[in-house]
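Following: one structure in structure tokens, then a few remarks.
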Amino acid sequence: MGRYLRRRLIQLVPLLFGISIVIFGVIQAAPGGPEGSLLAAGRFVDPSVIESYRHRLGVDQPVWRQYLNWLGASARGDLGQSFSTSRPVTAMIGERLPATLELMGAAFLFAALVALPFGLFSALRRYTLADMLGTGLSFLGVAMPVFWFGLLLQLIFSVRLGWLPVSGTGTIGASSVGDHLRHLILPGLVLSTRYIAGWSRYFRSSLIGVSRAGFVRTARAKGLTETRVVGVHTVRNALVPVISVMALNVADLFSGAVITETVFAWPGIGRLFVQGMFARDYPLLMGILLMGAVTVILFNLVADLLYGALDPRIRYE
Amino acid sequence: MRPKDGLALLLLLAACGGAEGGGGKTILRVAYEREIDVLNPFTSQNLADIGYTMIEGLVTTDEHNRYIPVLARTIPTRANGLVKNTAGSMVEITWPLQDSVRWHDGVPFTSKDVCFTWKFVTSPNSETYNREQYLHIQDCRTPDDHTVVFVWDGEYAYYDGLFEAILPEHILGALSTEAIVKYEPYNRGPKTIGTGPFKFAEWKSGEYIRLVRNDQYWRGRALPKIDEIVWAFIPDANTRLNALKSGQYHYGRIQPNQVKDVKDLAGYQTHLVSQNSVMHLDVSRRTPHGALIFGDERVRRAIFQAIDRTAIAGQLMEGTVQVANSPINPTSRFHKADLAVPAVDTVMSKQLLDQAGWLMGADGVRHKGADRLTFLISNRAGATDRIAVAQVIQAQLKAIGVEVTFETLESAAWTNKWRSGQWEAVVSAWFLPADPSLTGLYACDGANNMTGFCDPELDVLLKRSDRTLDDQARKRDLDLAQERLIATARTLPLYYNVIPEVVSTRIGNFRASGTNFGSFWNVFDWTLAP
Amino acid sequence: MPSLIIFGAIVVACLAAPLVAPHAMDAIDLAAVKQAPSRLHWMGTDDLGRDVLSRLLFGGRISIVIGLLAAVAGTTLGAVVGAVAAFYGRAVDNVLMRITDVAYAIPSLPLLIILSAYSRAAIVSMVLIIGGLSWMATARVVRAEVLTIREMPFVEAARVLGAGSGVTILRHVLPNAMGSLIVGATLGVGNAILIESSLSFLGLGVQPPTATWGNMLMDAQSTMAAKPWLTIFPGGAILLVILAVNFIGDGLRDALDPQKDPA
């Protein structure tokens, strides 16, 4: 296990190097530069001001030097300063991360509460009308463009019915835990639909697979009640792959919520990225992508380790 | 636990919190269309309303688009004797300042702060968008704490519209210009101070900025009449509309095509605020193909005369805007009202094109030798109103044998292309200050003239109008300049831009303004009924 | 099966758009903007007075073409990378899989947003971008399958009989991996259509006057409450197609599952 982990960690070095080149290259080569943000508000800006801005940001330097500067600094944990706010990128990401984490948390919780029971149900009652209807319903969430679904929910639950707030994380100046949760419901619900269909289908097929396995037949033969067979042996074993899929989905942290956050004015990473994109805030964009990539890698590792920890048949060497 | 129980529990928990509240304070809630970058009014690209609510300048603009004094007691003019021509064709302008003004931290505001602001803006790396305008000021003198004198290098028409904000010397004076630009305590609070009716309280990244009442406000202790302003950042236009319709906010800007949707919204009134901005079709002769087509005035005239602007304003924009005949908005005193832009006349258009040698081809597009009469409109991705206008233009020009093609570029890429001048046509609009200068846009060497057009006669008019303090003479020159722009078919004004502002009827004393200062210019006077 | 019929019907209707559409896709009529459905315009008209039904049919061509091509591009690339890596092993495998890791690790929607700034928002670039970012999972699956199959006796036999390695991959290995490829590609179609609509939401999708379901849906958002038909039709079309595609994928997975139980 220890040796396996060490090998995986060593492999990270060339991987991160490759990622850094791709990220830097893609962002730098995008047409238009950070000076575009000076004119984005639609007012005229003196050309000399544009030159002075570019010079301060260092985007008038040779590309290879910009890359080496960035690589050197980020290797030491310094992602540089944002072009548009002059603040450290790490601080800006740090401010936004909790909101995204919370939104993802709510979505995961909700998705798990719906997907797991339903997966179990549809595995037990497979090919019944209820199974198909439920499957259709869970696909519905995947099939609706997120922004449309989100705005539709706003129209129904906020504008028409007045039950829930439209956007933000709380009523500013009058926030409380309850108020905050009310704000979390719609975006959490919208984001959770991304996962419900996948998880329930995965759990369903995993349950079916496990129920055919030898040890379940043994348990049945031993005369254990059907509830115990399904409840203890099958479910526990079938959860293993589902949990590792969930761990993989945590890696969506930096990208999964871009649209949801924009629609619900949720102050998370996704919106920060979109904002940085239109301003060509290179350090901010590279920082978010780099941290996103690291998250993906780490949770892949976690998923693999979880798989091993939960399934006694797998051993790492 | 069944999933339904989970939802019920969540709803139950949620029901415990109330939406109203705030401990008896009156809180003005604004659904704001963008998140701002920094709080320094000179280096921010998009601060506007939030900044002017905290940080005052020498002047602002009122609902009639006129400059009115704020930190200045009066605006200097020749008539009141505060503008004097001196030796060497210099001009001395004396600004008397309000004498009981204090910064939010209690330090008195003085003429030294004004000169400090001048020094900051004019230093090379201040990154102030209109720095070059300030460079005409040669010196700043402070005869006493409440008088400031600027020595100008000559007559300059915009002298009364500068200094839209004043920086605190006691906070920033010890720093270099470069350090101020990056100084986080001022850029983001808590050291962001001004002299305005509201003080900085809190900035939650991506979410909101909260300002609280300045109890020591110089206009009197009774002002402002609102305790707090919260600016919630809601960048998506549809979400903002929903937020307004659900009654969570008192003020918000929407898009013209959303106006019908809020027409009957109880408790709100929608103001169509005319901006200092004109939607227009610009053509460029910088590329060889552009020069071939648009170099010929007859072709420009033919194209412009085939575009039905009345239909664009009335149908496409649903009557929210007025057809434009001038590049200067009607709210400006320099607007020329009786300009005659030729009416739609496709027969005339076809004749003009025939005369110019562009003859109808078998493919429905006009030709001249091997060249086809086709041009490319560069659209900015996501600018839905402009793209819609461009599509109407495309359809209408097809009728006279002119082919229009599109390319769509993402925002920053579009800006890059526009600045390079390597485009053929754009549908575009700029937001000009309260005192519109056409010089940068239309003079031969104008910093923002990317079209390759150069009209020496127009140059004389524009440049003369910039360097005079004689209002009458200036008006005369600008009238002639507007006439000439239309007569030479240099650009086609389409409509005067409006931004609809949805305002709660609980707000009192709201007086909309569409200048760069915006509608919050008199927020100290606003009331918010319970 | 009903999914297949629905999907097929929509595809056929859209492909036949020039024949069946009642109006031209770009026939602007400013005298008749945002009209409710009527006998003349079955699905009403949009903000430029264009016929929504006609745009829906023409837009569907673009959306479905983007979906199909992106799915095919992504699947093909993934299959080739996965198969080559597994078959040649060693250095080739190592290099290809590290490239896959890099591509897999960078968050894809943000990367898409950046890449869309490059494109002139045209269909071809949209296909390349979406396809170019959705091959990694296929590559891994195919590699794993090929690794298993490579050791099987019939492949061994083919090699002994003198078949070249490329031929061996094509003739024996790929058909065996076909099941998962088809499922992946089917789901890829829906995914690509959704991605295009997400990019449209950010103003970065295919741009007017070319219609796609994504940009039609986005353009109509601002009048969703007042003029619901402008959103219901393109939104409903996306919904139907993606539902159908998912059911087809699901059905295929069950059908191709070698362990399928008789129940």
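Per-chain residue numbering starts at 1, and chain names A, B and C are given in the order in which the chains are listed.
Please note the rule applied: a contact is a pair of C-beta atoms (placed from the backbone, for glycine too) under 8 Å apart; a residue touches a chain by one contact, two chains touch by 3 or more.
Just so it is clear, the structure is predicted and the values come from calculations on it, not from any experiment.
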> How would one label the connectivity among the chains shown: line, ring, star, complete, or other?
Replying inline: complete
>> For this structure, I'd like the pair of chains sharing the most C-beta contacts.
In response: A-B
>> Using only Cα atoms to place each chain's centre, name the chain farthest from chain C.
In response: B
> chain A to chain C: how many Å between their CA centres?
Replying inline: 22
> What is the distance in Å between the mean C-alpha positions of chain B and chain C?
Replying inline: 42
> From the C-alpha centre of chain A to that of chain B, how far is it in Å?
Replying inline: 38
> Which chain A residues sit where two or more other chains touch them?
Replying inline: 30-32, 151, 155, 159, 262
>> Give me the residue numbers in chain C that touch at least two other chains, ranges are fine.
In response: 117, 202, 221, 224-225
> Of all the residues in chain B, which ones touch at least 2 other chains?
Replying inline: 238, 245, 409-413
> Where on chain B is chain C touching in the complex?
Replying inline: 237-238, 241, 245, 255, 257-258, 260-261, 308, 311-312, 315-316, 318, 379, 381-384, 387-388, 391-392, 394-395, 406-413
>> Which stretch or stretches of chain A touch chain C in the complex?
In response: 14-15, 18-19, 22-23, 26-27, 29-32, 126-127, 135-136, 139-140, 142-148, 151-152, 155, 159, 197, 201, 205, 208-209, 212, 252, 254-256, 258-259, 262, 273-274, 277, 285, 288-289, 292-294, 296-297
> Hey, which residues of chain C end up touching chain B in the complex?
Replying inline: 26, 28, 30-31, 33, 47-49, 116-117, 120-121, 202-204, 207-209, 219, 221-226
> For chain A, which residues are in contact with chain B within the complex?
Replying inline: 30-49, 52-53, 56, 81, 84-87, 92, 95-96, 99, 109-110, 113-114, 117-118, 151, 154-155, 158-159, 162, 164-169, 171-182, 185, 262-265, 267-268, 271-272, 275, 278-280
> For the complex, which residues does chain B have touching chain A?
Replying inline: 1-3, 6-7, 10-11, 13-22, 25, 27, 29, 35, 37-38, 45-46, 48, 124-125, 127-132, 178, 181-182, 184, 187-188, 204-208, 210, 228, 230, 232-236, 238-239, 242-243, 245-248, 277, 409-416, 419, 429-433, 440-441, 447-448, 516
